[in-house]
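In what follows, a structure is listed as structure tokens, so that the remarks can point back to it.
For reference, chains read A, B, C, D, E and F in written order, and residue numbers begin at 1 within each chain.
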Amino acid sequence: MPTAIRTISRADAALVSAFADYGVATVHEAQGRTGLMRSYMRPVWPGARIAGSAVTATVAPGDNWTIHVAAELVQKGDILVVSPTSPCEDGYFGDLLATLLRARGCLGLVIEGGCRDVADLQKMRFPVWSKAISAQGTVKETPGDVNLPIVCGGQQVAPGDVILADDDGVVVVPRLHAEAVLTASKVREEKEARIRARYAEGELGLDMNGMREPLAKKGLVYRDAPEG
Amino acid sequence: MPTAIRTISRADAALVSAFADYGVATVHEAQGRTGLMRSYMRPVWPGARIAGSAVTATVAPGDNWTIHVAAELVQKGDILVVSPTSPCEDGYFGDLLATLLRARGCLGLVIEGGCRDVADLQKMRFPVWSKAISAQGTVKETPGDVNLPIVCGGQQVAPGDVILADDDGVVVVPRLHAEAVLTASKVREEKEARIRARYAEGELGLDMNGMREPLAKKGLVYRDAPEG
Amino acid sequence: MPTAIRTISRADAALVSAFADYGVATVHEAQGRTGLMRSYMRPVWPGARIAGSAVTATVAPGDNWTIHVAAELVQKGDILVVSPTSPCEDGYFGDLLATLLRARGCLGLVIEGGCRDVADLQKMRFPVWSKAISAQGTVKETPGDVNLPIVCGGQQVAPGDVILADDDGVVVVPRLHAEAVLTASKVREEKEARIRARYAEGELGLDMNGMREPLAKKGLVYRDAPEG
Amino acid sequence: MPTAIRTISRADAALVSAFADYGVATVHEAQGRTGLMRSYMRPVWPGARIAGSAVTATVAPGDNWTIHVAAELVQKGDILVVSPTSPCEDGYFGDLLATLLRARGCLGLVIEGGCRDVADLQKMRFPVWSKAISAQGTVKETPGDVNLPIVCGGQQVAPGDVILADDDGVVVVPRLHAEAVLTASKVREEKEARIRARYAEGELGLDMNGMREPLAKKGLVYRDAPEG
Amino acid sequence: MPTAIRTISRADAALVSAFADYGVATVHEAQGRTGLMRSYMRPVWPGARIAGSAVTATVAPGDNWTIHVAAELVQKGDILVVSPTSPCEDGYFGDLLATLLRARGCLGLVIEGGCRDVADLQKMRFPVWSKAISAQGTVKETPGDVNLPIVCGGQQVAPGDVILADDDGVVVVPRLHAEAVLTASKVREEKEARIRARYAEGELGLDMNGMREPLAKKGLVYRDAPEG
Amino acid sequence: MPTAIRTISRADAALVSAFADYGVATVHEAQGRTGLMRSYMRPVWPGARIAGSAVTATVAPGDNWTIHVAAELVQKGDILVVSPTSPCEDGYFGDLLATLLRARGCLGLVIEGGCRDVADLQKMRFPVWSKAISAQGTVKETPGDVNLPIVCGGQQVAPGDVILADDDGVVVVPRLHAEAVLTASKVREEKEARIRARYAEGELGLDMNGMREPLAKKGLVYRDAPEG
């Protein structure tokens, strides 16, 4: 029985939007190298970064009807996250639906499927991360679910989770961990800034991080030239 | 016996070029969601859109000789559409052949194979849709056919069919349907413009398209919060 | 036993950097269509071309420790070439390591794995060719080798080989062949310039290269219209 | 912090093993076409069918240490379900670990990674469903988690869920739904037996299921011969 | 408008079934190395070989309704050939539909999609060539076409074409060429038998086929040992 | 200039054939987890295991001419290892060439390409490991090299290296290391036999290998039940 949940819990709006100050790689590290979607989830145009609360939806293969159901339930600051119930790369989403979602305050789309009208989406600056670019049209015959937990890009996504997406991909932060992960991201970024400055001066990671001894313990040997 | 057909039927030139006013997604919809090549057929540089008459060619794997045969037979306004006789991603085509094709009036290339010199092709603004980018060179030992029907990107292409290609991919319009599909594309675009305007105002597809009742009939239920 | 070789032979610096005057496609042709890495090795941002001496490294799957070992051994004008010991698309490399490598004079990275922080890498103009873009973090538990011969992108790479990379991909020139291949590249480019000029005038490859007779010998027939 | 949960809830043993009377396709249908792992999850030898309770584990890429942790926690009737924390097709599992798991009562393995010693596993009749067959060895440096929820083959798997696997693939039945799904599977199989008997007599689905009218409503037209 | 053509032309039944005396590789060679479907079209169980007349069908992604329409139109000696209108690997076909098709005299199925119940299909000895094995269920909402030309496995298939399938794959022989191709297949097989006998005696292809001189002309040189 | 080397060094015949007593997984481990070809190199029929000396060859895409050159140079106990100069899955090899190679004493084929006549090859018990099964025919226009070093399945293979192949895949043992690796394989197998016996008794790897303390040091914690 297809089900749409109207009311979901979201993290605090300011907290969610603060994630956009950090890159996907940083946040993924900050939460212990978890939550990253598979690398086939790629931006359809480069240079965007968005952070928002997940509204989730499932769609039947070749059928985008549920996106209309979800469009009513998204709120300002949300990101729509969509998975087909079986793998499908059809073009579920284009500039019309982007216009609709934007009018509802939705920041962008993450879809384990296809996307079309990519030139228009870039002109509109509506960001989409998808598995494929395809103009293949879809039908409206079989509704799916909205705001139930889904798997997208190999990661579990619950409604209300924080989604952060940029040119490196998409990371999912469980809603209840959002504050801790944001704090850890900030700490990590500050640490990275210090490391970056020292690397820029020519300092080696080997020295800065005391790696020489553990490498030797693991058996690394240096030789001046290859064996004769 | 490799065969080159010198004389093919093309649609009216003005009709063909008028397709470039529409996107691949629109035209694909307008002809009943048919004719779209597989999503692995991608532009080697972004932002181009071309419409032309197909000159078709087959090439042996790793052998681009037939492209020279085709180059003599292309005319102003044509698009060369090439398929290998078995799957091959070698770099069949680069800036030299692009120079040759452009001098003959050819608008661009669609190839279920590889393409190279992509930085030069972008500088020349010669558009190519291909399965791969690869510098791998090819030989000239085995001729294929020119202007016989081929399968490219999973679609049947007959010589003289209309090809429309943009950032969303490549769609094939059978020559004899071209006029009807162009008309349908215009109708569709006008309809989309009206929808876009209403979506931009925040109207929902659910309401605009009367979807609430059919969704309910399909069993969609709304709940205020998840179970349990 | 993981091994790092400190001293490798490089080709003459002026010779190596002269390769950057030519495209990957040209050099690959000039050395007899050999040495090209697989087409899945793609630039993470477009428009770069670099030529340098290979410093090679192997990394364990999901483990980038060896890149730190290699960072000490790269010199001005080198390109780091990295392969995992089993296929892995994790994000082995990002802007921090790029900062480190650049400070050591390294021109860029070629990795049969994943890369992250691609927006930052583009801002820094640090070029990377990789199999994937992925933010997935890595550990530092298992050292690999530096400056032993490796296979990367389906090609054998020895330390000190010349690496040339651009938007078409990556080609490997064995160190001892570098001078001859550079000369052949120059010859080829001059020849291509002459061909390009004649193609631009509308001359056909069929005529310019005397292809009509050999095509006929291979059985190519022309017909004015399709059968039936 | 890597975590191993010692105590998990399992469905009733008789209930779980009763699933092995049904095929994956039947059970997947019976629970509303949900829970099926991706089609790249294939048996390493044909002809097995097992049903058991999931013990879940994550492994680092190229690192099978956690399987030893899980081996202590599996019980009679369990199936071990393993996912790498980033995609990896190394040979995490072979006949030694199969011997260990079997001695603990474990019925088989489902792994989104590689498996080796497949000839021996077939001789032992120890069934494995995996993404790849690879002899590539793994290390023991980085522990993962045991008995936390994971995503495997694109499906969420919680510890204690029922896993059913056969030549068609792998389906996950949430523990709390197991009884209802088993009942529905039985109903479905009985229904299928009746349909099968009528099909075998030459009756058409069109007639048996009253499809002619709905097909006509969807616009299906019959013609005696193709156009033109 | 979905369309089903009731009446198609088939080649002579004895002619069609005679193809099963030859392998796919032989027939593919005999018709000039054309007509072979892509190598991802694989038998779901090994050891079958069938030859029959194509009844073609298209199916919507995740929707197998049209197979019921086709089931009425297949005749004794036919092979059903099915393509989705966009790529989809769902399990469109299982033992129930196989029972139905067999009762109608259909010899087997070729589908650019998924197939399920493979253990049962093997027990029934009903052969299927498919792109995937998947238990994923399908709906019955959107009819496709029956007996219009389709592209399947990268090849054009017209209704009534001869289909030959074995462990090597699937080849399509255009109906009007069937007699000539069958004759050529017989000639080829006799020739192969003679070659096989001579190879078995230790004769070299180099000598038997006079390859030494053409190889030398192409520049092949022999050396007694590697350089240097 | 295509080159065929007549004389290569092989390891001692008894030494080479002794490798067939061990599995690919064992030998790969015994030489430090190196030398394993990529997992897409699969046997075309199950159950074979062969060990032999590599005779190497390159082939042009879609061109199997060089296999005839190699057939003269293989000796009793050799395995032919073939790579295309650019990726190609055509059917380079079938039962005719298998008859020829067997008559020359060749034990089997490893090819990063396609193979055909697989039912016949299984009847003949001629083993082949390939990237694909494809009936697609090839031409004889462009010779490659025989007995120069190649990359096959992602591994460097020098003529005379020991090749071991079974259902787990293909491993390459450098000729000069063969004796040491064979010894290490024997040691490893004996060790594995002892481990297997203890595992079969229900002993845990955790205890047998003293893993509990290092796991705790890496931070592994046990909990009796999940949080919350």
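In the analysis below, a residue touches a chain if its C-beta (ideal position, glycine included) is under 8 Å from a C-beta of that chain, and two chains touch if they have at least 3 such contacts.
In this text the structure is predicted, and so the values were computed from the model without any measurement.
Colleague: By that same contact rule, can you tell me which chains touch subunit D and subunit E alike?
Modeller: Touches both subunit D and subunit E: A, F.
Colleague: Indicate the lowest number of steps between subunit E and subunit F, counting one step per move to a touching chain.
Modeller: 1
Colleague: Given the two chain pairs C-D and A-C, which is bridged by the higher number of C-beta pairs in contact?
Modeller: It is A-C, judged by the count of C-beta pairs in contact.
Colleague: Could you check which of E-F, D-E or A-D has the same interface as C-F, with more than half of the contact pairs identical by residue number?
Modeller: A-D
Colleague: Copies subunit A and subunit B touch; is their interface built from the same residue numbers (over half shared) or different ones?
Modeller: Subunit A and subunit B contact each other through largely non-matching residue numbers.
Colleague: Quick one: subunit B and subunit E, Cα centre-to-centre, how many Å?
Modeller: The separation of the two C-alpha centroids amounts to 28 Å.
Colleague: If you average the Cα atoms of subunit A and of subunit E to get two centres, how far apart are those centres in Å?
Modeller: Once rounded, the distance between the two centres reads 42 Å.
Colleague: Using mean CA coordinates as chain centres, what's the subunit D-subunit F distance in Å?
Modeller: 30
Colleague: Can you tell me which residues of subunit A touch two or more of the remaining chains?
Modeller: 33, 36, 85-87, 89, 134, 136, 141-142
Colleague: Chain touch graph shape: choose line, ring, star, complete or other and state it.
Modeller: Topology of the interface graph: other, matching no listed pattern.
Colleague: Mind listing each pair of touching chains for me?
Modeller: Applying the touch rule to all chain pairs gives A-B, A-C, A-D, A-E, B-C, B-E, B-F, C-D, C-F, D-E, D-F, E-F.
Colleague: In the complex, go through subunit B and note every residue touching subunit A.
Modeller: Per the touch definition, subunit B meets subunit A at residues 23-25, 28-29, 33, 36, 39, 42, 46-47, 49, 166-169, 171, 192, 195-196, 199-202, 204-206, 209, 211, 215, 218-226.
Colleague: Which bits of subunit F are touching subunit E when the two form their complex?
Modeller: 1-8, 65, 68-69, 71-72, 89, 91, 94-97, 99-100, 102-104, 114, 116-120, 132-137, 140-143, 147-148, 159
Colleague: Show which residues of subunit F lie in contact with subunit C when the two form their complex.
Modeller: 33-34, 36, 38, 85-87, 149, 151, 154-156
Colleague: Flag every residue of subunit F that touches subunit B in the complex, lowest number first.
Modeller: 60-63, 85-90, 134, 136, 139, 141-142
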